[in-house]
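Next up, some structures in structure tokens.
You will see subunit A twice below: alongside subunit B first, and alongside subunit C after that.
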Partner chain A sequence: MDILLQQILNGLSIASVITLIAVGVTLIFGLTGIINFAHGEFLMVGSIVTWLAVSNGLPFPVALILGVLAVALMGFVLERAIFRFTLERPTNGFIVSLGLIVVLQHIVILFWNANQKSIPRPLTTVWEVGGVRIASVRVMVILMTIAVVAMTYVMITRSRYGRALRASVEDRDTAALMGIPVRRYITGVFVLGSALAGLGGGLLIALFPITPFTGGTMVMKGFAVALIGGLGNLTGAVAAGLILGIVEGFSAGYGFSEWTDAYSFGLMILVLLFRPHGLFGGTSGPKMA
Partner chain B sequence: MKSNLLRGAAVALCLGASAYAALAQDAGDTVKIGVVAAESGAFVSAGHTLPAGVGLAVKQINDAGGINVGGKNYKLEMVKRDDRTDIATAIAATQELVRDEKVAAIFGSESHDFTLAMAKITQPAKIMHFAGNSTLGKVLTPDAVKAGGENHYLFQSEPQEFQRSGSTARGVLSLLEPLLGAKPKKSVLVVGNDATGQFLSSFYITALKAEGQEVPDIIFYPPETTDFSPFLTKAKSFDPDVIHFWYNGDSTLTALPQALELGAAKSYFLFGVDPGIWKERGLTADVPVAMSCVPVCWGASSNPNSKTYFDAYFAAGAPHGVTSSVSLLYHDYVHFLAKAWEKAGSFDPDKTVDALMSMKYSGVVSDSLAFNETHQVTHATEVCAAAPGGEITCSMQQPPEKAPE
Partner chain C sequence: MIKFASPLRALIPVLVVLLLLALVPLMSPSNRFLSLAISAGINIIALYGLSVLFGQTGILSMGHAALVGVGAYTAALLARDFDIGFWGSIPVAGVMAAIVAAVIGIPSLRVSGHHFVIMTFAFGQLLTIILTNGGEYTGAATGLDMQQPVTMFGIALDPLERFYLLVIAFVTISAVASWAIINSSYGRTLRAIRENEKLAAALGINVGRHKIGAFIVSGVFAGVSGVLLAYFLRHISPGQFASFPSIYLALMVMIGGARLLLGPLAGGILVSFLPEVLNLDPVQSRILYGVCLIAVILFLPNGLIAGIADGWAWLVKVSKRAQASGDAREATR
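Moving on, here comes the complex of A and B:
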């Protein structure tokens, strides 16, 4: 029983980091139409900035904030300098993002080499409850994910900004005619998604060592979760993240462990075959006249 | 006027000819050694140690005056190519080094599959080829390595896998026993699910069983895994004395803190993790943790040559890596090859092979490195163990004579 409970807890922990990435992906892809496969490298940069800050003696919370700000700034610059020119041709944006993966990885390798980077765990306490071990650092990551996703949800669904955004997704031209600064909103969403990747990176390095190549796998799972949940649908991203986390935890513990990733992506294929817009329905990206 | 033109043309021709001769002489006095390794991509951690180890050996040889072959002095020049952890790039790089750069020898790659592909180019071209892979036994057969055989110029600069697995398993269990207060009986393997992991773990599980271990399960994880908690929880359900993390050092260092948090086993073994990294990262554990290096550790070592080598290696600019010791699977063999060329008195590949097979070389790893009849080396592997208090003990473990049944 304690092993079963431990696996459920493991699944929740896996779900939290994936969900954070998936929320960024679902916002950017679902609301702006930008297919940014370099989102995983944004996360990696967030990890590197956090690592640099902690290595230079800054406390983890400050390092985490610096990581978020740095990646948000990077997102702003890249959106203004590159992605905004690809909005009418999303395939170009997709190819550009593939190039960015290599560029960002090699910039990091050039300055900080390709070796693994890690920081001391910001929280080291481990509680034992009925044979189940609960690491405080994982609880911190789960709680922060819940808080950030909840704030993002409220902003997208309840605020004026969120309503304007959703209107832009429905019809960019009409939204623009109604006075909504669509292009500025797109930049805002891209920066928000990037900041979430930076946060994910900072939290990731609190849990595990990272390398310049860490982003690749994470972004694949982020896209899988975003697609399973429904593009642009935050509730879907959270639910799909939970499903994927639990599936991964249980498949590693009770199934063929080496197939863990295959289960996740197999699930994504099944969902997309039977519910092309995801389990909770998505936007399919913005509509353009 | 005409005679002036003719005289000018003759002078120009003479100058051109002498310049060409001087260039040819320069080219002739330098022997190129190629390196194909992953300096980017997934294998970069081990890959970047190849040019670092070969480059250090080349510098040491050149600083000592170069090599004297057939009464003439030559300098060595390393020409390295990044295979980007991509087999097609490794093949293209090898072709370029052989055809365009005219290298006399090639070192690499860190990956078994890449080496096999590269050998299809180096061997027909009669290029000396050294690879630090433990798994070339299937292509280094007596027929293949004999004169005229398809891999006559290919050499394996790492012990065979049954030897490495055997010495590692024996060393790990013997170092953990006093720290645990009893002989470990039950082991679980946690292994990366790629071709190398599957292949290597089959040897290691046999070696553990030969040492009397009960091995209830071998748990494979996808190679890019970062969250190991489900796999470790499964391992914990077997109540093992030792969890052996095999074979990727980076993944191992990711998994260990999670294993310690879960209290997954009474002790752990981290293959391919240097005690130097353990110390640098300030890692600690409340249970014994064994580590092994391929082949000699830099952070703590029982090998007297290790410190001198790694001082020079890191002073040359190489970073402190999990697998920096892999450089020794190449460094010693550049020196060995240079001695063979000197002994052969020629760069002729057939004479070089004969010289290599008739020699012993005193290197960092061993003072009597030699190739057996199938072009494979044998030497010890270093295993270390960190006690819960932090004290690290190391010992060189000799390989078994024969592969266990």
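Moving on, here comes the complex of A and C:
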């Protein structure tokens, strides 16, 4: 029972980072139609910026904010410079993002080599509750994720901007005629999703050491979760992220760790086959001309 | 765009280039050059398959290296467990890769459009994980070794020059095969699907079955290239068939352009030799690949060769116009 609780807790903290990526993916893919597989590399860049800042003596919270800002800025530049030209043909955007994966990974390797990078844990307290060791850093990651995802949820579903955004997903032309600056919303969503990836990266390096290749597996999980939950469906992404994180936590805890990466692929393939709109329903991407 | 008056006109330049390439060993090139050329050639075989899929049908596979891997592992396992050599593995590997392509393709085509690309990518990753976790049978992460020599009529083909000629022969066969497919009624059907899927379906073309068919055909090419790869490298491991090699193949087909018969040849050679010519280390060359891929997609969506052809046609037009206006000025004077 102790092991079970322990695995659930560990799974939850991994699930948090996956959920942050998946929320970014589900917003970007589901609402703008951009298939950005380099999203995992955005996360990795967030980790690297956080690592650089902490290594240079900055406190972790400042480093985390720097990471988020840096990735948001990167997202803005890349959307303006590259992805907006691929809006009409999503497959091209996907291929471009694969090129970006290679570029970002190897730029990081070029400057900071391919070795593992880690920072000292920002919170070192460990609570013992009934035989279960609760690391405060994991709790921090979980709480921050809940807060940020809740904020995003309110923004998308309750605010004026969120409504305008959903309108422009439903029907781009009509939304534009109603005076909604659709293109600017697309950039906004892309930057928001990038910032979430940056946050995920900063939190990930607080939990585990990372390498320049961490993004590759994380993005597949993010896409798997986004597709399983239904594109553009925040609740679905959170639920699917929890499921995947806990399944992975369990399988790692009970000795099937070499298959953890396969679950996301397998699950995603199954869901795409039998429920192409995800378990919880989604937009399946904006309607393309 | 270049219009081909006769289908033969498309084949001749390719055959001439390949003939010239077959003469390269006469110039006693270095071993490094030959190895690079061989791996380029092996990629080109897979590219011809990919060009049928992408160039004619318009669907792209981002997990194609996995199908090459199926071919390579088939060859290695046949050699180890059944003592079947190079020539025996070629048809078996082709069939195996075709079966795997069908297994991936049939369910993947239930999902439409850009989801298909994601599916191929996911399947490619899944296959790498399966190979890594295959234990003794697939040699896990370290992979498998090959010992069998390649012979033909009692002549050992293992020396680099001979293996180079063997690869050139296979490239020629795949170029001709892909040319034959493109110019058959089947190729026309595929192009009809590419241009307008709904119209094609309305004309009674079974769109789904033809898409799967094109994917299977491209799988056969990939399987054969996998056998050559296994016998060339003498050691295969799952990492060689993971996501980066798939991106690499897509980059080659994008740079060369998939619709022209010369495209795969040009793409394969350019991408393989560019880092060597520019003297880049692996990290830098991968950055260059990524940048090239993005640039090609954004600026030359039909590939470099078609881009050059378009540019040339534009230049000719401009110079003609300049000449014409010059003539006009002469006349008014």
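Here are a few things to note about the model shown:
Heads up, the rule we're going with is that the second predicted complex is superposed on the first by the 281 of 289 C-alpha atoms of A that agree within 3 Å, B and C clash if a C-alpha of one lies under 4 Å from a C-alpha of the other, contacts with A are read in each partner's own complex, and residues count from 1 in each chain.
Everything that follows uses one rule, which is that a residue touches a chain if its C-beta (ideal position, glycine included) is under 8 Å from a C-beta of that chain, and two chains touch if they have at least 3 such contacts.
Predicted model only: the values in this text are computed from it and were never measured.
Overlay on subunit A: subunit B and subunit C clash in the combined arrangement.
Once the two complexes are laid over each other on the shared chain, residue contacts for A:V96 go to subunit C alone; subunit B is not touched. Judged by the touch definition given at the top, the superposed model places A:T86 against subunit C, while subunit B stays out of reach.
By the touch criterion stated above, A:G216 is placed in contact with subunit B and with subunit C alike. Legend: residue contacts after superposition of the two complexes on their common chain; A:D261 is shown touching both subunit B and subunit C. In the superposed model, A:T174 makes contact with neither subunit B nor subunit C. Contacts of A:I107 after superposition on the shared chain: subunit C is touched, whereas subunit B is not. Look at A:S13: by the touch rule set out above, it reaches subunit B but stays clear of subunit C. After overlaying the two complexes on the shared chain, residue contacts for A:A135 are found with subunit B alone; subunit C is out of touch.
By the document's definition of touching, neither partner reaches A:T235: not subunit B, not subunit C. The superposed model places subunit C right into subunit B at 93-101; the other stretches listed in 21-29, 93-101 or 147-155 stay free of clashes.
Overlaid on A, the two complexes show subunit B and subunit C touching the same residues of subunit A, namely 105-106, 109, 216, 258, 261. In the complex of the two chains, the subunit A residues touching subunit B come out as 3, 6-7, 10-11, 13-14, 17, 105-106, 109, 113-116, 118, 120-121, 126, 133, 135, 204, 207-211, 213-214, 216-218, 248-254, 257-258, 260-261.
Of all residues in subunit C, those touching subunit A in their complex are 60, 62, 107, 110-111, 113-115, 117-119, 121-123, 125-126, 129-130, 132-133, 243-244, 247, 250-251, 254, 283-284, 286-287, 289-294, 297-298, 301. Here subunit B touches subunit A in the complex through residues 40-42, 44-45, 48, 193, 219-222, 224-227, 229-231, 233-234, 236-237, 250, 253-254, 257-258, 261-263, 281-282, 319-322, going by the rule given at the top. Contact residues of subunit A toward subunit C in the complex are 35, 37, 82, 85-86, 90-92, 94-96, 98-103, 105-107, 109-110, 216, 220, 223-224, 227, 258-259, 261-262, 265-266, 268-269, 272-273, 276, 285, 288.
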